[in-house]
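Multiple structures follow.
In the two assemblies presented below, chain A is common to both, partnered first by chain B and then by chain C.
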Partner chain A sequence: MTVLERPRRATRGVGVSAPRPDGVPKVRGQFQFSSDLFAEGMLWGHVLRSPHPSARIRRLDVGPAWAIDGVRAVLTAADVPGAPTYGLEIPDQPVLAADVVRYMGEPVVAVAADHPETARRAAAAVLVDYEPLDPLVDPEDAISAPPIHPDGNVFRHLRIEHGDPEARGEVVVEGTYEVGMQDQAFMGPESGLAVPAEDGGVDLYIATQWLHVDRDQVARCLGLPLEKVRLHLAGVGGAFGAREDVSIQVHLCLLALATGRPVKMVLSREDSFFSHVHRHPARIWLRHQADRQGRLVRVDARVLLDGGAYASSSTAVISNATAFATGPYRVPNATVDGWVVRTNNPPCGAMRGFGAVQACFAYEAQMDKLAAALGMDPVQLRLANALRHGDTLITGQRIEGSAPVAQVIEAAAGAPLPAVGPEALPDVALPGGAGRTATRSRVRRGVGFAVGYKNLMYSEGFDDASEARVRLELAEDGPLATVTCAAAEVGQGFVTLARQICEEELGVERVVLAPPSTARIGSAGSTSASRQTWMSGGAVAEACRAVAGRLLERAARRLGTDPGRLVLAEGAVQALEGADALSVAELLAEGPLEETVTFHHRQTEPLDERGQGDAHVAFAFAAHRAVVDVDLDLGLVKVVQIATAQDVGRVLNPLQVLGQIEGGIAQGVGLAVMEEIVLDQGRVRNPSFTDYLIPTALDMPDVAVAALVEEPEPGAPFGAKGVGEPPTISSTPAVVAAIRAATGLPLTRVPVRPADIALATPGDPRP
Partner chain B sequence: MTVTVARSVPEALQALAADPPPEVLAGGTDFMVEVNFARRRPEAILAVSRIDALGQWQQSDGQLRLGAGVTYTQLLEPPLAELAPALAQAARTVGSPQIRNAGTIGGNLVTASPAGDTLPVLLALDAEVELASAQGTRTLPLEAFLLGPKRCARRPDELLVAVRFPAPFGRQEFVKVGTRNAMVIAVASVCVVLDPGTGQVRIALGSVGPTPLRARAAEAYLAEQLVPQGTGPTATSAFELRDGDAALAEVRRLVAEAAQPIDDHRSSAAYRRHAVGVCVARALERLLRPAPGAALGEVAA
Partner chain C sequence: MRYELVVNGTPREVDSSWLGESLLYVLRERLGLPGSKNACEQGECGSCSVLLDGRLVCACLVLAASAVGAEITTVEGLGGEGPEDLDPIQRAFVEAGAVQCGFCTPGLVVAVHDLLRRVPQPSEWEIREAISGNLCRCTGYGRILDAVQRAARAFAEQAVTR
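Up next is the complex of A and B:
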């Protein structure tokens, strides 16, 4: 592993590998996760879920649940006082199902009892008479099938028409690609604690990605004014998009208000699989046309995503999958149709990479196919078409910021290959690992390459602002900065960066973060879309600068000078000319300083009816080169190495960037070779970590970071781009390209299963 | 719910004589999963992990007797790993280090999962299990003990005390296919044992039937095919197959035929059938021509 650590003078501030404040407690098991919450006299909640993907509820009898000793509340749809449904973008999902259930796992009854086991037994005792219906499970059918929801089956159809519809290229390649349903597979199951308040409201302690949007939905369903519903961030055990939607939030609050007691819920792993959204399965058709020199002339595409039973963030995911369907390349002419539809499969929504992942798997397979058709090196083909600053996307948007696509391609392609081949590796490092299945003569090595990109922040006119407050005061042992911001720390390291930013801007040594809560401050927006460093980091930086400005004013008054002639450096305000200086501590003796700011990114606009518009704030790019060993007979794969280069704008904390890169690659590798929610007629077959496989240490490749390309992004605080999502986007297609290189098989679907290789017909053409 | 912690086998047998008998808890790595999934709601539990005798093993007269409480971690350590190399190879594939520290061979046997990783090895070694109750002790061949998926011949009042098999014994290979490189339930597994003295081969298949299966037709075919190569002492000499690669192909066919796999979310029946064939052929090749210097059935820890 290559750790990029450049020599820097500073040991604090922006640019250093500051350690996470919660790192040691997490490793020692002392960190309080949402599942560790406790309140005196609390009850335990449990939710009864539908066993059917589609059914009518003929009758519901909660009597037998009430008959169990220790049961304190048994709630059905009729007990929801406010809006019966919620949703991130469209409120189409029932808090509790009333007359129909539309997916396996849909909540039907919520129970609170003295003991979690009592709550589970009570839920099991509820009599629900279902009339099972034929589930609608094929997204293609869904477009024209009779609606399974009053809102219809098409969440969104959008079409991009760009350039000259008549333009043609001499070399044409075409393909259809599929992506299975991936799960975010966070470790900390959904959990939280709702505490009824004296004002008739409720305090909810919950692991989430966006406190305020949860609050808005919860308050609507409870029929309470916003200020009576207060959400506080509890310790989050991973998120990756799966905590962007409401899951148990409303249920917990309903139970707490119904019983007048604190209610806690911790989902089992199985229930967890049923209560958060997954990555959209995709079917993507692409036709690329290029000239003989390998310049892309046009791309036609159709993207179909399975949104599952409810809308969640489907409309935004399809926007990405459609807009990015042709990849980080100059494509002068394109037509892309994007569809996302409702089915009786589990609801799908946000997951790291958000629509860009599915698209990248398809367009990168096409780029390799095109390279083969042209007789061109795949890396050269990508370089020849790579987007640059100033280029126009198929949505008509001109890239105003940095776009070092060629740089990331060249760096990743140029990284040293692994020193040893399969012949020299220990048994356990061969495909099959600890199972000792491999015979070296039947192991082939393959190398594959892929590039990907994605938007940063929310798009299409959305103003996802963030608010932060910084207070600077004189504590007993010197100046202390307190940051208040509702940004959810989900593991990405905002808690580290917020401190680094304060150190950088104010020169303080002591920084504390107030617990994020809707009761303290306005929205920070979601911890998603690679946006929190930019948005909440930006808000903290601006609040610091406002406080610094006030500090300079104070000093100017005292020194009888103009604030413009002063600077804040090394814990003191100093005159630009002359020796006058006042320590920050001295200045704070007058009293604390506090500033609250709301940070906005530049305005974007919606896409028009031809899918054109300046819809995105900025973009981040990454390239991955994968090296794999494949057991040709058993179809088992070992990903040996992934070399990567990423466009980061500026590195604010090298260790945290590396953490995002390694974690993102783990998820990309998982999607390439093992991670899939297996569905059978809408039924989830593997809702457990026994059967939903994610990479172990033996599956994780060596990660070689060839370059972190630092081209500062205009408008971004410190020039830094978000780094969370790009590692996940092109790592999957790179791995599959490497497996194709080793086997000669087309492999148009992920995850690649052993049988896809081992049982492939020998005559299958090369991609 | 009551929990009894037994310190000796007689104490455990006495507790098991109750009506109804308590449920036996060893490492808990299967038991607690079932409790967590509400598939098991024990009223009375008998914990046996503090019974020292169950965690011990003895070797005498060419037989190894493993107490039911022997853990995977113990199986991975010498001298056990050398006495029963395929069992050590199987143990290495089980779960994670934490699971290997807690999980026991007795638990694997009584759970009787078709995917239990020690089972094909014990089957290929013609193992016998010892079951004890207040009424006395009985010994069953493993094939009679394993009745079906998660079903075995143990009566609720019986304690599985030990498992016995010949050791050291010939050359052994255990190979397991899973969709992940570690900590995975077997999609298919194979144990092949070769007795160089007699030229006899025994083959057992895991995860491709309701219980682990012996591939007897393939074994019989191999008895005809195996010929010692050269003149070295039989214990280390190489063997070859009379009909060479064609014989290997026939073994693959016979093994695939012996398998009775199902389609499930972990794999297709077709792949399982294919995989056991490939694995038996590979294991056999390793056993026929042991790599010079390589300890047979070497375990990568």
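Up next is the complex of A and C:
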């Protein structure tokens, strides 16, 4: 494992591996997660969910639930006082189903009781008479099938037409690829506490990625003005996109308002699988055409995503899957059609990588196919077509920022291979682990390569601004900076970074973060799209600079000089020439300084009817080389090593960057060989950690970071790019390429299942 | 009904309406010890790991009433009294960057206690195997492995200086 830690003179500020401020309470078990909340006299909530993927509700009788001792509220759709539906982009999802249910797990009744077990029993006692309907489960059918929702079955169709439609290449490869439904599987289950307030409003303590957008949706459904619905961030046990949508928020508030008592809800793992969106399953057809030298001439693509029953962020996910369908390559001519449709499968929305993951699995398989058709080395083919600064994307956008694609490819490809082969590994390190493996002689090693990219921040004209306030004051033991920002800490380390930025900009040693809350400050936007370092980091930095400017003004007045002749350094304001200096503490004796700023990224524009437009703020790239061992008879795969290089702009905290890379790769490896929500006619067959498998410490390969490429991004605070998503994008296709290399099988679907290898049909080439 | 549990060396009275409550629920909701976590409540994730008479168990799978008479150690019982008073495993987790969201962390800290007591100098594969019952979704385990190795070294150094 390579940790890139350069010698830095500083031990604080930007660029050092500062430890997490919440690390100590977390290792002691004292950090309060959303499931740890407690209020005197609180009740427990529970939600009854539909067992059917599609059904009409003929009759609903809550009487038997009320008959149970200790039950305090039993609410149905008729008890929702405001808007009956909510949604991130389109409010098409019922808070509680009224007359139809459109997916297995859809909420129907919300219950509050004295004990969580009582609440569960009461929900189970509700009589719901369903008339099951034939579920619409194939996204191909959805486009022409009768609508299963008043809004219709097509969430969005997008077409990109770029370059010359007549352009042709001599070498042509095509293929169809599939991606299964992945779950974010964060560890901290959906949970929260709603407390009714004296003003008739409600305070909700909740684990989420975006307090303000939750607040807006909850208030609409409650029929309350925004200021009466206050959301406060409770400790978040991971997110990865699954907390971007409202899940239990409205239910909790309804129950608290109905009972006049605090209500807590903690979902079981099974209910957690049902209550958040998943990664969109995809079917992607691609045809690549290149000249004999391996230069891409044209790419045609059709992308179909299954959005499930409700819209969530589907319209943005398809935008990414379509715009990035051809990969981080110069593609002069392209036609791409993208559809995302409604079915009776579970709703899909945001997950780390957001549309770019599905696209990358397909286009990287194609690049390998093309390399084989050309008789070219796959890495060389990628290098020959790699995007650079100044190139034009298929959406017509010119890359104005950094795009070190060739650098990440070369670094990842050049990383040292594992020292030992499968013959020398301990049993436990072989596919299937100790005791389950066939003979060692049937284990084959394979190496595969992939590169991918993604946009940072929201796109298509969306202004996802972030607000931050910095207050600098003299506390008992010196200057103290307090940062107020609604950015949700979900584990990624914004709390660390906000402190580092204050240290860097103000030279203070003591920084505290106020608890994020809609009652304290405006929106910070979502903790997603790899955007908080840039957006909320930028807001904190600007607020610090505004405070520093006022410090300089103060000092200038005292010293009888101009603020332009002064600098803030080492905890003091000093004259550029001469020996005049005033300590920050002295200056703060006059009183605290406080500044609030709103940080915006560069304005983008929507895509036009030909899918052209300057739609994205910036891009980040990463490359992965995977080494796998495959048991040919059992079809088991052990991922041995992932070498990676990533375009990071600038490293602000090396340890946190490494944590994002390793954690993101784990989810990419999971999608490659383990993770899928298995559906049978719309029914989820594996909503538990027994059957939905995520990588354990035994499954996880060694990660070798060959390079963190630092080409500062213009316009980005400190030049830093977000680092959370790229590790998840190309790690999956790299692993599958390695399995193809080991087995000779085409493997066009992820996750690769043992049967795909062990039971490959006779027509498939066998090793 | 009432019963007594000995948690982190202290006898604690439990007043519960339902005998079906798991040890995890009683620790978290009745005894004010929410350090043990509840990622699955089905014995699949290890986030609820505690020591029961020194044995590593999933508290979600143990009926609280069946733990009467046993010595229960939770994550809250591992560090010292002071707010920054960490044991070597907890310290290693903080310093190595093994904590992101931290939901898996208390269970891992307890599991690593169990490992290092049994195997003071584990190999990488012994560590991977020992913590393979503890799911972490954030870190990819790399920094956790580093933390365990750091903690093993710290214990060894302590033993030498003693």
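Note that the second predicted complex is superposed on the first by the 758 of 767 C-alpha atoms of A that agree within 3 Å, B and C clash if a C-alpha of one lies under 4 Å from a C-alpha of the other, contacts with A are read in each partner's own complex, and residues count from 1 in each chain.
Keep in mind that, in the parts below, contacts are C-beta pairs under 8 Å (C-beta built on N, C-alpha and C of every residue); 3 or more make two chains touch, one makes a residue touch a chain.
Here the structure is a predicted model, which means the values were calculated and not measured.
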{"item": "Which superposed partner A:659 touches (first chain B, second chain C, both, neither)", "value": "second"}
{"item": "Partner chain(s) touched by A:638 [first = chain B, second = chain C, both, neither]", "value": "first"}
{"item": "First (chain B), second (chain C), both or neither touched by A:697", "value": "both"}
{"item": "Which superposed partner A:22 touches (first chain B, second chain C, both, neither)", "value": "second"}
{"item": "First (chain B), second (chain C), both or neither touched by A:31", "value": "second"}
{"item": "When both partners are placed on the shared chain, which of chain B and chain C touches more of chain A", "value": "C"}
{"item": "First, second, both or neither for A:115, with chain B first and chain C second", "value": "second"}
{"item": "Partner chain in contact with A:268 - chain B first, chain C second, else both or neither", "value": "both"}
{"item": "First (chain B), second (chain C), both or neither touched by A:59", "value": "neither"}
{"item": "Contacts of A:428 with chain B and chain C, given as first, second, both or neither", "value": "both"}
{"item": "Touching both chain C and chain B, counted on chain A across the two superposed complexes", "value": "268, 426, 428, 690, 695-698"}
{"item": "Complex contacts: residues of chain A adjacent to chain B", "value": "120, 268, 270, 426-428, 431-437, 439, 633-636, 638, 673-674, 678, 680, 685-686, 690-691, 693, 695-699, 753-755, 758-759"}
{"item": "Interface residues, chain A side, partner chain C - complex", "value": "1, 17, 19-20, 22-24, 26-33, 35-36, 38, 115-117, 184-189, 235-240, 266, 268-269, 426, 428-429, 490-493, 655-656, 658-659, 662-667, 688-690, 694-698, 700, 703"}
{"item": "Complex interface listing, chain B residues touching chain A", "value": "36-38, 89, 92-93, 96, 173-187, 189, 264-268, 270-271, 274-275, 278-279, 282, 285, 298, 300"}
{"item": "Chain C - residues contacting chain A, complex", "value": "17-18, 20, 25, 28-29, 32-42, 44-45, 47, 74-76, 78-79, 83-84, 86, 90-91, 93-95, 97, 99-106, 109, 125, 127-129, 131-146"}
